[in-house]
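Next up: some structures, all given as structure tokens.
In the two complexes below, chain A is the common chain; its partner is chain B in one and chain C in the other.
Right after this comes the complex of A and B.
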């Protein structure tokens, strides 16, 4: 069990903000921190990793205390042994892919894990290249592999996939799910992409302006478990046109814009910019081969 | 034929000064790049003083401070056996002080311009601050280190006022090339002055040229 309970004053875009977090995270779960940018998600990961110190609070992980401001306990990042993938990956430019992984290895540990990880994220051919010669997705895989060299119990991922295109993203989501299971990790993932959250996580913690506003199992938070639909897509509403008794909604789903019809009761609740879930039954879809 | 002693002394002085500065400046620059201490502006100012102060002012105060006639100089002399006026050790001390900003500033900005995430990631991977500096930070600011080394070296070769004040003009002991040139000109030996000058000019030009070539990547093909 990871128990978080801390407060920190932050300077956010629109003035001062109090980050106040109290939650329990079960061992082995994959949790998404969800919310607008500036809600304090990254700071939570940094506090958990020991890079930022909260003003007051307590953190305990699997019964050992990492932080207790009342008793002046604050474990250094070096002692916390978390795996962390930064948003900018923070690969060491002076080392090759393999050297980046080797740097993370403790002297007394077996070096077999390095080859295992390199195979796992399919970096064999790139292992002697320097990071700046790699694409974003490849760098992300190196960062993920490096974070696992020390076999951490906790993996922190700060929007690791936001800079990547859809196809690579999907592949990397699979890598993350694989390592999450294989290493028995407790994973905290930051994302503000609903489809990613739905695909990946068991639990969601939703934040707004430094406070937890909702938390629970993913399907409850996004309230879709009672639909018997067969297609589910998430997208952003970009246009609403009212025509007589119905609304025509333009929804951006991935790179495509889809027009759908909504009735008055549905349309009245929606505003441009809303994230929406579009679902349809499997009866009678039109299927056409396009390539 | 010219007397080679001043040139040899100059390069010996510059080499040892640069070496000492390199060792002193890495921790100092690291501290200045990352500290949140309120003393930082004061230390920064002190380090930068040699940039703006006339060298003779530094030389003058060092001369006063180290003079065996006053208590501090006397203490140095009696307890440590150090005589810092009109000696090579004195020249060395003054040179280190005088060229300090030329070594510290490039290294400091090198540290400051590295993404903080590199340092943080190294800590997360369980590495100490020392390992992080040696294995992660320094290898990624090679060009800043090189710039610092070369500027400090070239600047020490070029100093005049400080060495004249604290070192005097003792042949073979404290008479460096820049002073030798002045001496030759005063004695109307323009030929010898020209030889010294030309040697210094050529050497410093070549050193700086190599640095700029290196830092702009022209030499990548050779050192890779």
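Right after this comes the complex of A and C.
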């Protein structure tokens, strides 16, 4: 268990705000921090990593105390076994991919992990290149691998994919899920993208003005039934046409617009702009090769 | 969307696919899923589940005897019929509960469907979603 209980006064866009967090996170889970900009999400990650000090509080991770302001305990960031990935990749520009990873390695640690990570996130062919010759998605893969060199227990991801286009995001989401499982990590992700949250996380903590307003399994927070359907997409409703006993919905999914028929029980409460989850059995689609 | 509550009565798995038998009010419903008890913990005998299928996927036949590949057949009288230009909406009181079907108004006319008539509502095995 990771037990967080801390408070910190912050200056937010519209005045003072008290960040006050009390929650338990189960080991091995992938948790999304969800909420408006300025809700305190990044500060939570920074406090957990030891980069920002709270005014008061306690953090314990798997029974070891990282922070206890009452007893003057405050583990240094480098002692906290935390991997951190930011939106801007923050790689060293003068070092190659492999050197960036090597730089993160403790002297006494086995360097086999470097090659293993390079293999896992498929950086083999790029390992001798400098960051500026890489695409955004490739750089973020390097940043992800670098965050794992010291075999952290906790991986903190602060909107790591928001600067990337849809296709690359999807690929990186898969890499993140792979390393999350392989390294038995507890991962905290900040994301504003509902489809990303649905695809990635087990649990969602929703924040507003420094407070946790909701917390629970992803499907409960986003109020949909987990259908275990094999064909699941999230999209935005852009048009609703009612005809006879059905609704014809136009839904933007990624770059594509699809039309879907909803019956009255599905369509009655929908409005343009709603985010919707579209599920179908895997048997219906007809496949044709193109090009 | 038609939603029925039931419990899993039997599961037959072969490689990636499973045939799941669900009992709803003592009537058996069959679903085929790309899952096995190992890939989806929901697939356990005795587990309470919800069966979901779209109103537009419910086929209507008159009478009760059909030599047809449909595995899910629910018999009962028509409770209501509403017809518009192209589509009609029927509610049937079956052994598994009330089922809504959207079919063409042409079909309603051809089959001479009227309230009270005993019909069979049918759903293909691969149109049935099994969920918690």
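Just so it is clear, the second predicted complex is superposed on the first by the 226 of 291 C-alpha atoms of A that agree within 3 Å, B and C clash if a C-alpha of one lies under 4 Å from a C-alpha of the other, contacts with A are read in each partner's own complex, and residues count from 1 in each chain.
In this text, a residue touches a chain if its C-beta (ideal position, glycine included) is under 8 Å from a C-beta of that chain, and two chains touch if they have at least 3 such contacts.
Model, not experiment: these values are computed from the prediction.
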Identify the partner contact of A:263: answer first if only chain B is touched, second if only chain C is, both if each is, neither if none is.
second
After superposition on the shared chain, which partner residues are touched by A:5: those of chain B (first), chain C (second), both, or neither?
neither
State whether A:51 touches chain B only (first), chain C only (second), both chains, or neither.
first
So in the superposed three-chain picture, is A:245 touching just chain B, just chain C, both, or none of them (first/second/both/neither)?
second
For A:60 in the superposed arrangement: first (chain B), second (chain C), both or neither?
neither
Which of the two partners, first being chain B and second being chain C, lies in contact with A:76: first, second, both, or neither?
first
Could you tell me if A:279 is touching chain B, chain C, both of them or neither one (first, second, both, neither)?
second
For A:104, select first, second, both or neither according to whether it touches chain B, chain C, the two together, or no partner.
first
Give the list of chain A residues in touch with chain B in this complex.
49-51, 76-82, 84, 86, 88, 90, 92-94, 103-104, 106, 146, 149-150
Chain A to chain C touching residues, read off their complex:
225-230, 243-246, 261, 263, 265-266, 279, 281-284
Contact residues on chain C for chain A in the complex?
1, 32-35, 40, 42, 50, 52, 54-56, 82, 84-89, 100, 102, 126-132
Inside the complex, what are the residues of chain B that reach chain A?
115, 117-118, 120-128, 135-136, 139-140
